[in-house]
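Each of the next two complexes has subunit A plus one more chain, namely subunit B in the first and subunit C in the second.
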Partner chain A sequence: MKFRVFATFVGPSLLLMFIFIAAPLAAVFWQSFHVTQPVYTTVVAETCTPGFINQICTTESRIQLELDEDGIPIRTTEFVGLQTYRSVLELDRFWAAVKDFSWSKLMVIDFWKALRFTLTFTLVTLPLVIGVGLLIALAVNSAAKTVRGQIIFVSLLPFIITPVIGALSIRWLFVGDGILTAFLEWVIERDIAMLGHAWTIELLMLFYRVWHVAPFAFVVFYAGLQTVNNDTVESAVIDGANRIERLRYVVIPHLMPLIVFVSLIHLMDAYRVFEEIVGFRSQGYVISLQWLTYDFLTPDETGNRAVSSASASAMLTMVGIVIILVPLLRKTWRDHRAGLN
Partner chain B sequence: MKLSNIFLAGALALGTGGAWADCAFENTVPLKSLTAGFEAWKAATSAMAECGNFEAELDQEFRTKQPAAFAAEPSLYHIGGVSNGTFNPLYNAGTIRPLDDLVAKHGQHLEPNQLIKINGQTWAIAMMVNAQHLMFRKDILADLGIDPPTSYDEVLAAAEAIREAGVVDYPLGGTYMTGWNLGNEFINNYLGFGGEFFDENNHPSINNEHGMATLELMAALSENMDPEFLQSDSTYVQQQFQQGKIAMANLWASRAGNVVDPNESQVVGLVEMDSAPVGPVRPHAALWWDGIVIAKNITDEEADAAFRVAMEGIDTEMVMANNAAAIWLIDGYEPGPLSAGAAATAANGAVPYPASPALGLMHNALGTGLSDFLTGAKDAAATLIDIEAAYVTAAKEAGLIN
Partner chain C sequence: MAAPRSLRMSTGLRVASIGFIAFWCLLAAFPIAWISVMSFKLPVDAFASNPLHVVFGPFTRDAGKGLSILDIAIGGTAIWQFVRFATRRMPHLVKAHPPFGSTLLGWIFGSLLYGLVFVVVIAWILPSVMPAINKLAGPLGKPIIGFTIEHYKSVWIGDGFYRNFLNSLMVTTGVVTVSLTVGTLAGYGLARSGSSLAFWILIVALVFRALPHSVLVAGYLPVFINSAEFLRPLLGELAPTLYGKPFAVIAVLVSINQPFTIWMLRSFFQNIPAELDEAARVDGCTHFQAFRWVIMPVMWPGVITTGLFSFLLAYNDFLVTSLLLDATNQTMVPAIAGFFNRETTTTDQVKAVAAAVSITAPLFLLVMVFQRQIVSGLTAGAVKG
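Right after this comes the complex of A and B.
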């Protein structure tokens, strides 16, 4: 292909990738090393606000923003190096906790608490999603042809639901005296509060994510199962391989590239866990790295938002994803090289 | 709080009908408003819409949109709904206009109490006040022979008796959801003990005996609540009341109407509104107001129309049609038993929510920092130290302290 033709085809998508991926990433990277601040002044002012019957007027010092001649707040931006990263990571408290060998001290520092949950969440859901997805695929593959369509449709439903809505609906089954809590209370005859303990909320969140994502793994594996070489399977049967052995030595090696693909996608998705935190309102008990970024970015009652901290936290999340993907990417790369030779 | 409130706002939008007379003039200038989504705003914006050419956006997350939307040139909204806290970012950024001329022209009927003034200039028109105050089941307290509690010691004693009698699931309800709600509970209780949040240089000063007393009080109260209290927002507490699951709570006055609404409540006529429990210095509650502001980055003609429409929205007719929706500051409001709690709280000396950029940061730090204490992951002393440290980090990044 001539370079001109190649460039005409690839150019537009490169341009869009630059605008929507590279440029924002560079901006976040830059923001994480800089702090932009307004200039505050304290003035004494009389403020009158409504009382119940009469107005309450108080004269007190008021923190105000300094405005320029156009009435726009003056802002200064300065380079702060790694300072924001240090304050997000809270390294002083981290080392203090490490020196004391105190897990409980470490687990009250926001970033490390969030990292602990994010890693647990990612690494626990990964094998479950792959396993459950494979099981459904195998089950559907051996089901009668007449009902396959219906089974596939029903199995796909959880994946179609918007994540936040799915999380909310599971929460509503358990919150307070929700249907399932009431049922469990009736079965074991004691009061339970599923959303009153960190570990029960975490269990619900893990269950929800597996329920939500397993259909994706199922669809991919089911497609892969259609291409398994029947001759190989038949020879395995003749050689006396049972079901498990056929699965282990024929089917799974055949599906391996797809398993790696699903793992990659799932690791990236699960490390950015966020909807579960919002849907299950778990922020009092467990938080994730992505939620931490969101929390920095949310303006408070008086409009402050910590953009630098949010940027640093977002960069750290990205670094985390890269680290967690390295083993799988290396494997894919090696396989790729082996394929070339 | 956030998602469920959005749904609540949606439900209200479908539920409330207009029963008041038409607008006094016909508006020809296209106008937009951005306000919170609770019942009082629904009533006010519906009345504004009758003037024509008016589009209302009701959103419980308005506080995250408003500063940027009003800073645009021209402003994306003409009328804004604000409260003590959300007024500050707009005023500080200079994106709202002084209203004295407009008040002189179209607002002669306004009560002096409604005018929010800074250094003599009017910047906002308040329409209602709000406060958290004690609501309790008078039937349960009467059965057990308990007098209406006036302090948290008495509330805790009453809770103990109610728990022993076993008449409700949990003696207390509380808006203890991690985040804004939880931070607000600390602020309420800390004000009652007479605590100061900052020194004169905006450095935090909550790590003291008042802070410790507040944490002890919150822990003691939470033991009498549904174990899921860290997820419990105003709507949840309101529902707990409506379903007869709790006997007492320090809940928003703006929820009183819902608590005893015959269409959704099982405890109609059984809930009494009383002052927020009084602490050593003042009641454990802050006073809030809600009102309207007009954007600066719009033409004078638009501002004039916006102000007239807003005045139609918060007029006597609207109040008479929606008397129970809020504690209105507007002429024509008939205070009833539902407003008694907020009135008593104010009479007992509650102070306005001390909104400032520093308190905004502190509110956030409290909201996320307190849950580790209430779940038992941290002790009280460490909690206060960590919250102060979180505040200092945030205040440094915001440029409030060096």
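Right after this comes the complex of A and C.
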């Protein structure tokens, strides 16, 4: 295919990605070093009231917004270097907490709190998603052929549901004396409030994510199981391998590329955890990195959006993405090189 | 083919495996099923701690809002017929009469019509006819289960949820059509090129796919809010403020979705043998003619699958739409945040539940109709490694 033809085919897509992904990325990078704010001037005014012999004069200074001819506040943008990063990371409080070896002090700082949750969330859900997905795939693979379609249909529901709604639907089961709260109280015979503690909410959020993503892992693994070489399995049987050994030495190695694929997709998605915070309304207890950026972007009471703080926290979030992507990119690069030779 | 004896499972393992599947299916369906039951009850029943109260709704029934055996029988038959129609007849009908030769348009139009007929029959005709029949039926016409659709009515009509629905419809239709048009061309180009430029484009797309959406929105917001000033030198007085405009959100969602779309479509196009378009080229077609007359007729399964995932992204999005759309243009998912934020009374809570179920219902139908395509889409990227 000639370059010109290739460019016409790919052009529109590249243009969109350039305008709406690459350019905003550059803009965010720039914004994180600059602060745009209204100009305030200090006006010193002397007011005098008539008094006996001398006037009584008071000098007071007022801070006032500068307006242009149209009455719109003038805004200036200035370069502030790493100041926004420092204020997002709250380095003073961070070092104070580190010096005291105080985990609880560290966990009241928004950014570090969000980082802690995002990492825990990503790393805890990963093995669970892979494990549960694999278990369902193995179980369905051994089930009768006639019911497999229905099982796949039901399994797809948690995957397809709007994430915010999915989180809400689980939350509603626990709200107040909701059905599952009532059930748990009956089982362990004590009063509980699943939505009243940080750790119980976090548990629900982990559960929700595994519930939401396990179907994806299941479908991918199930498709992979269809291509397991039966001869290999049979020769393993002849060699005396039991079920666990066959799983360990034949099936899992066969599925390994898929396991890597699902893990990478899951790492990317779990690191962006956000909808759970909205659905479970956990912002008072637990927040994530992406939620932090979202919160900076939401207008506060005065209608201002903390754009440069949002940009700084977004750039910091990106660091994690880069770390997750490096192994993936290296693998793709190696495959590409192998394909060329 | 029966499995060899040595590969068969022991009884214990078999029971455990069936039990596990049953448990998983319960777990997968329960939250969704439960909130749909809740949404049809008065708050007293919906949030009762006794599960039987939630299911049968004694207070709802005593308030005069109940279903008799006859209601259940007739309503159940009607719904069953709708389901059968959607799964059996509809695919054939759409294939047989595609408007303007486009199956995709046929599906959009067909599902809209279907949804409309469904709502009219279930929420309007049946409720107005049934009381009269119930009176004649005697004991069979006595209400036994509490059931009310008043929360749906007050959400959709009273709170104007239908406007959010229309906004969602507009945004998703826009995203799916633009995304597929642009993505199909790019996917085809990338699949047939094989140059290292194509490889690098795919790698960059992979990096873009991993970006958190909030990062991008942080880039859009200041520009969109002030876009009238930025664009004035170019467009004069017509320069629009992009903030709050659905078409701006469509452009954003299409772009965010592009990396995924081109990867997926590329893998579908790679499965179409290149000999096909080479034969057309030998016969004197240009690349575009080959694409139009040889590839387009055979590409629809892959395009429909990719379209489903574009639809899901646009429909399910909360972050982008909640930050970039103003209140009048809000889509359904961010709008529900408004419902549950003012959840002060239990009635408000049940209304929020009803809104949530309304959002989920189209997705449920989608899985029902397109299960095969969704599964093939999930595995398309994966099985090739």
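The rule is short, and it goes like this: the second predicted complex is superposed on the first by the 295 of 341 C-alpha atoms of A that agree within 3 Å, B and C clash if a C-alpha of one lies under 4 Å from a C-alpha of the other, contacts with A are read in each partner's own complex, and residues count from 1 in each chain.
One rule holds in what follows: contacts are C-beta pairs under 8 Å (C-beta built on N, C-alpha and C of every residue); 3 or more make two chains touch, one makes a residue touch a chain.
Keep in mind that this is a model prediction, so the values were computed, not measured.
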>> After the superposition on A, what does A:48 contact: first (subunit B), second (subunit C), both or neither?
In response: first
>> Quick one: is A:294 in contact with subunit B, with subunit C, with both, or with neither? Answer first, second, both or neither.
In response: second
>> For A:220 in the superposed arrangement: first (subunit B), second (subunit C), both or neither?
In response: second
> First (subunit B), second (subunit C), both or neither: which does A:327 touch?
Replying inline: neither
> So, does A:317 touch the first partner subunit B, the second partner subunit C, both, or neither?
Replying inline: second
>> So in the superposed three-chain picture, is A:127 touching just subunit B, just subunit C, both, or none of them (first/second/both/neither)?
In response: neither
>> By the touch definition at the top of the document, which applies to A:175: first (subunit B), second (subunit C), both, or neither?
In response: both
>> If we overlay the two complexes on their shared chain A, which of subunit B and subunit C does A:13 touch? Say first, second, both or neither.
In response: second
>> Contacts for A:253 in the overlay, against subunit B (first) and subunit C (second): which applies, first, second, both or neither?
In response: neither
> Of subunit B and subunit C, which one touches more of subunit A's residues?
Replying inline: C
>> Need the overlap of the two footprints on subunit A, from subunit B and from subunit C, as residue ranges.
In response: 164, 168, 175-176, 278, 281, 298
>> Residue numbers of subunit C touching subunit A in their complex, please.
In response: 4, 6-7, 9, 13-14, 17-18, 20-21, 24-25, 27-29, 31-32, 34-35, 38, 47-51, 54, 182-183, 185-186, 188-190, 192-193, 195, 197-199, 201, 203-223, 251-252, 254-256, 258-259, 262, 287-288, 312, 315-316, 318-319, 323, 333, 336-337, 340, 349, 352-353, 356, 359-360, 363-364, 366-368, 371, 374-375, 378-379, 381-383, 385
>> Please output the residues of subunit B touching subunit A within their complex, sorted ascending.
In response: 2-3, 63-64, 67, 71, 84-86, 88-89, 92-94, 112-120, 126, 129, 177-180, 182, 200, 202, 226-231, 236, 240, 245, 287, 289, 296, 327, 329, 342-343, 346-347, 351-352, 355-361, 363-364, 368, 371-372, 374-375, 377-378, 382, 386, 393-394, 396-400
> Once bound in the complex, which stretches of subunit A touch subunit C?
Replying inline: 1, 5-6, 8-10, 12-14, 16-17, 19-28, 31, 36, 135-136, 138-140, 142-143, 149, 151-158, 160-166, 168-170, 172-173, 175-179, 181-183, 211, 215-216, 219-220, 223-224, 227, 233-234, 237, 243, 257-258, 261-262, 268, 271-272, 274-275, 278, 281, 289-290, 293-294, 296-298, 305, 307, 310-311, 314-315, 317-318, 321, 324-325, 328-329, 332-333, 336
>> So in the complex, the part of subunit A that touches subunit B is made up of which residues?
In response: 35, 37-40, 45-57, 61-65, 67, 71-73, 76, 84, 87, 104, 107-108, 110, 164, 168, 175-176, 193, 195-198, 278-279, 281, 283-285, 295, 298-304, 306, 308-309
